[in-house]
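Next come two complexes, and both contain subunit A; in the first it sits with subunit B, in the second with subunit C.
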Partner chain A sequence: MRALLLTLALLAAPARADIAEAVQDHILPGMAKLQASAETLRDAGNTCDTKALQDGFHATYDAWMAVQHLHLGPTEEEGRGLAVLYWPDPKGMGAKAQMALLKGDPAKLEPEAFAEQSVAARGLLALERLIYPEKPLPADPCPLIAATTADLARVTGEIAAGWQDYAQLLTTAGEPGNTAFLSRTEARQALFTQLAAGLETLNDGRIGRPLGSFEAPHPERAEARASGRSLRNITLALSALRDFTESLTPDAPQTLAAFDAAIAQAEAMDDPILAGITEPQGRLKLEILAQSVTRLRELALSEVAPEMDVGIGFNSADGD
Partner chain B sequence: MRLLLSTALCTLALPAFAATPEEVTTHYADIAQATYGDALTTAQALQAAVAALVAQPSDATLQAARTAWIAARVPYQQSEAFRFGNPVVDDWEGRVNAWPLDEGLIDYVAEGTATNEENAQAGLNVIATPTFTLSGEVVDAAAITPDLIAHRLHEAEGIEANVASGYHAVEFLLWGQDLNGTGPGAGARPFTDFSTSDCTGGNCDRRAAYLVAATDLLVADLTEMAADWGPEGAARKVVTQDPTQGVMAILTGMGSLSYGELAGERMKLGLMLNDPEEEHDCFSDNTHNSHYYDGVGIRNVYTGSYTRVDGTVLAGPSLSDLVTAADPAVATELAGKLDASVAALGAVKARAESGMAYDQMLEAGNAEGEALIMGAVTALVDQTASIERAVKALGLDQIAFEGSDSLDSPDAVFQ
Partner chain C sequence: MRPNRRLFLGGLAALALPRPSWADAGSPAWLAAAKEGEDYCLHGLSESGESLFALPLPARGHAAAAHPEKPLAVAFARRPGTFALVIDCVTGAETHRFSPPPGRQFNGHGAFSADGRVLYTSEVVAEGSEGRVGIWETEGFTRMGEYASGGIGPHDLKLLADGRLIIANGGIQTDPTDRSKLNIETMRPNLTLISKGGTVLEQVTLPDLHQASIRHLVLTATGVAFAMQWEGDPAEVVPLLGHWVPGQAPEHYAAPEGEAERMKGYAGSIARASDGRLAISSPKGGVVQVFDAQGQFLATHARADVCGLAALGPGFVTSDGAGGICALDEGLRPLAKLDLAWDNHMVAL
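Entry: the complex of A and B
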């Protein structure tokens, strides 16, 4: 009986949800949603209606969080990902550059000239500084808001369009003429690497920067505090990586269960801008979440990687 | 004759005895020892030039010290290929090559430039301040010593931008801030900043003391690393005690430096920010050389060949031999990509030497500069894919790798 079960298990073709599924179920729908939400935001940018801008900002940020772990192809090319979200910016370069744009030559707000500006002065967090200003802005922000939202719509449109072609490269890996991915394994490894690196950067950045050390926690370093999105972005990053994992392989029960547990921990925190981490109780919760993400990465390497028959490749998070 | 010659060439290309991982990792460690040895001797030359500068400050002695600093960067940058994948090197690296820095920690800076919302000490100015408080403790900095720099100032309050030691601290003291933005020109510190009779910038004695102490510390740190690659050295052991892991460390060093560090952090990010401070050697405008020699260093460890500062060539069993034996097509591809990236970095270097400094290339709208930098970035990203293919060709792809982090905490990976 046992032998029979084993035979059956071997005969049952492993559910090979990998490249095509990741592309069709996860990547392309996510990119389309990003583009669509940024277009709605651009329309709000033209009217400069605060409520519409804030709604559009959150919808676009949410859509970005669903795909931001995909640091390859059109998102990497021409630094487009950085032009959507440049964070952190400890030297405040973005704010400085925006002040100059607010008070400077309006010609710099023309689409072509604006596209040449530093990524620190563009993208979602640049927009956040204009629609959730910490102190009154020195000039009418509407022209800069319109330029910023138009640029976001352009960049995300390029990303979404580029992914149509890049998806082809992934799904035709190993076929004649495909020089980007010489085998299906190379394409699978490229995707898996995004998962492992996504978990690493989540811990180093969105969680690790505010967490700081026990003696010196830094809630002020959390992402997108002005719009109250710090914890939300952590939760969304986890959800997106879970969704991505599921599209890569359905045979990762431990990893998926660990994702569910981590998402539940994040949702239970009830600390939108991580202000509570200066208190031991609040800090402990974020520390536990950080440990869960570390464990998730180990699980991805020990469960998902063998399932996909790949190792982890080099990624943009390597280095310092 | 012709037949004989081609036979001989074939024999060379396909040695009867393929190199073994043991031989390859031993020779790799030998190259590392030579590279750090050269970094040490050139830093000692810098130390002598600094001594001459503070003894007799003049345009000539300042210029000589700057020249010595630029020469010292040549071997050091080639050593960066040994860093990722070897925790002994990676844990030490921050002492000598930390970047970017809040230079206002060390000395005077232009008004409004010492801002970092995450660093309360970005404008501390140790040279002008003999006593101050760090992390709630009073620090007596009356005497500026290597110990003070290494143990009290460097990464003060746990902040990485508080770079008090290493090449870039010395660079700042020799050149000063480059206030030309993306325009032409490097830092222009006058030699009188070190003059006790004609002092500019204030506290010239303390500035001279800082420069001497930081240079002494750099020499001490490089002495340590050169020894770490000696016969019983810790860094050598990391790559030789398990040659398979050692080969993986070579590839990790190549891939992590190529992609995440050089192409990403040091080149593309600076370009996307159009920020002249986002260049690696921002005070001296020597970035083109630093990037170029990083590229050369990556190629060195693949070909198993290093040209020493004195011109002698160290050649021997190489990773290239192993990859050739495993998959000649991948070996050819990777060798070609490494040559291409060195050529692309060489184009950046050549243009910088012909008048467009690296920070000028970063200027928004400088299409030529952008094309040069992106050409090198693309070549580096491209070669990373071939490095991954080499990993697979050698059957090492089931060993999870990702650069410094995984090898710093191997348990996390191999669980």
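Entry: the complex of A and C
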């Protein structure tokens, strides 16, 4: 009976489904998985077993890719998202700061002191430099690996815990006392903005930075090359945004089909660290993918946004 | 309610005083442009965020300038701007409308002289974006002349008490017909101090941050605070707030790592509280950041698509694209919400 009433209530108020479903089906499970995988990685960090570390690294990176488009609330506060993934880092600040930690005072590796270190020297790519070193490391990396994985577990734990509360703010949008979201439309707008911005940053960042220009491609700028994850992260970002879209509205067939097509394009590329983009054939494939993502954003705006009764932020859309 | 109130206030002012002053204007505290459905409009807002009057705009608005004594204000079109409206802030009626001369475009901001007899407007020569300061008398709003702003793409300008003017030359050359940026690699914004007569007295650039477009200004006790928009590599995180005391080098006020990134390289408005605290807004990051008067970072406050900023009570007030007006002191406190999208600025009257 209770289930029936709930079903009826959902039918009567379809607009409620988007926020609740995104929270229940997409956001909170993703955050829980991130936390759990980072805890497993922390355990591997304590043993410093290479195979376990690399497995845990990939599982945690995969879990991060499933939620990294959610630039809201606890992920944004206190630099937590940046402490999980600091990329891009064009000036190599992370590597410099990390080298100082590797050879420096071990007291800085204590949890509280380590939490105060630059976000560029922490997180997944900091760990990548230690477990997939490009050249031999000048000191035993195990203490720094343990500190880095412990910090990742702490930060992702804070993110997951924070999202429990933030999810409440989203689902109670417009109710008395909720000053974060003054209406349900505001909460839907906040979620839709993550979708539109996620597609934009995918194109500007993970795809656009290595793509560069025809005269000057920059495969060396691709994300997570040492661990061979550059293309995988692009594919995972698309899959995560597809999953997010599906949770936001059941009625976006064109957008979902375009996601499927883009994911298939990415999977067919067979160029894990985008090394092939210096050749015309390889470059063309990434350019086509970039166009697909541009088209996806247009579709999200024309199909998903009206379904959710939202648009693109008036002030954030262009500058002055 | 609204028409009655307007009628009442207008009638009262007409009866009591032949030349109304700000005290009679039913206390609109701010002017703010907005988009309402597909239409653009301008609202006069009370300190509680209530709309006291609204009038239609021919196109998207940007900022406004308030007359120092009379209850009138001039609202400017968004750049490349073709109109400015003079508004009677008692009745909310448009009393004049004027346009830049041929080949010039308004850039969204302006300021009155201390006695209210002259209006200065931020303008560009359409071809090439060379900056100009337009000079207008304020009885009939006819143009009296212009002088060079000292740079490319000027945006905000402020008048000092002694009549000298500080203008933010944003440095960006734009296409005369659309808003595409033409010189991002070579742009060189500056702050220029100009005498009453139009002579450049002093000019400072930001050598380390030549791609930080200086756009918005607020007067401080000793000079001017400025807000910037970063046009360089988005992966580089740079300060977006600074302070300039003429005669000295400009200073940058930076937010700490982890907070600075939240602005997404973009400050859309700036305001100064009565106690000297400074706030800058980022609609792109959906945050406002507050600094103390010495430039120490204090806090980040999240509100989606927030841009308009002004002083209110001991703190600030914000406006956003969801139609919200919020008081901001220790935290954000919603005051009012209308079914429209507030545009870039709230202008204190």
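Just so we're on the same page, the second predicted complex is superposed on the first by the 296 of 320 C-alpha atoms of A that agree within 3 Å, B and C clash if a C-alpha of one lies under 4 Å from a C-alpha of the other, contacts with A are read in each partner's own complex, and residues count from 1 in each chain.
Keep this in mind: contacts are C-beta pairs under 8 Å (C-beta built on N, C-alpha and C of every residue); 3 or more make two chains touch, one makes a residue touch a chain.
Everything numeric in this text was worked out from a predicted model, so none of it was measured.
Student: With both structures lined up on subunit A, is it a clash or a fit for subunit B and subunit C?
Tutor: They clash.
Student: When the two structures are overlaid on chain A, which partner does A:Gly92 contact: first (subunit B), second (subunit C), both, or neither?
Tutor: first
Student: Which of the two partners, first being subunit B and second being subunit C, lies in contact with A:His218: first, second, both, or neither?
Tutor: In the superposed model, A:His218 contacts subunit B only, not subunit C.
Student: If you stack the two complexes on chain A, which partner ends up touching A:Cys48: first (subunit B), second (subunit C), both, or neither?
Tutor: Neither partner.
Student: Figure out whether A:Ala36 sits in contact with subunit B (first) or subunit C (second), or with both, or with neither.
Tutor: Neither partner.
Student: Go through the superposed model and pick first if A:Ser302 touches only subunit B, second if only subunit C, both, or neither.
Tutor: After superposing on A, A:Ser302 lies in contact with subunit B but is clear of subunit C.
Student: Which of the two, subunit B or subunit C, is in touch with more residues of subunit A?
Tutor: After superposition, B is the partner touching more of subunit A.
Student: Of the partners subunit B and subunit C, which touch A:Ala196 in the superposed model: first, second, both, neither?
Tutor: first
Student: Could you pull out which residues of subunit A sit against subunit B in one structure and against subunit C in the other?
Tutor: In subunit A, positions 76, 79, 82-83, 90-91, 118-119, 180, 182, 185-186, 189, 193, 313-316, 318-320 sit in both the subunit B and subunit C interfaces.
Student: Subunit A touches which residues of subunit B in the complex?
Tutor: Going by the criterion above, the answer is residues 84, 115-119, 157-158, 161, 255-262, 264-265, 268-269, 271-275, 364-365, 381, 384-385, 387-389, 391-392, 397-406, 412-413, 415.
Student: Which positions of subunit A touch subunit B when the two form their complex?
Tutor: Counting only subunit A, the residues touching subunit B are 76, 79, 82-83, 86, 90-93, 116-120, 180, 182, 185-186, 189, 193, 196-197, 200, 212-213, 216, 218, 220-221, 294, 297-298, 301-302, 305, 310-320.
Student: Which residues of subunit C touch subunit A once you look at their complex with the stated criterion?
Tutor: 35, 62, 78-79, 108, 155, 179, 215, 229, 233-236, 257-259, 261-262, 266, 268, 283-284, 286, 300, 302, 304-307, 320-322, 324, 332-334, 337, 341-344
Student: Would you pull the subunit A residues touching subunit C in the complex into a rising list?
Tutor: It comes out as residues 73, 76-79, 82-83, 88-91, 118-119, 179-180, 182-183, 185-186, 189-190, 193, 204, 209, 313-316, 318-320.
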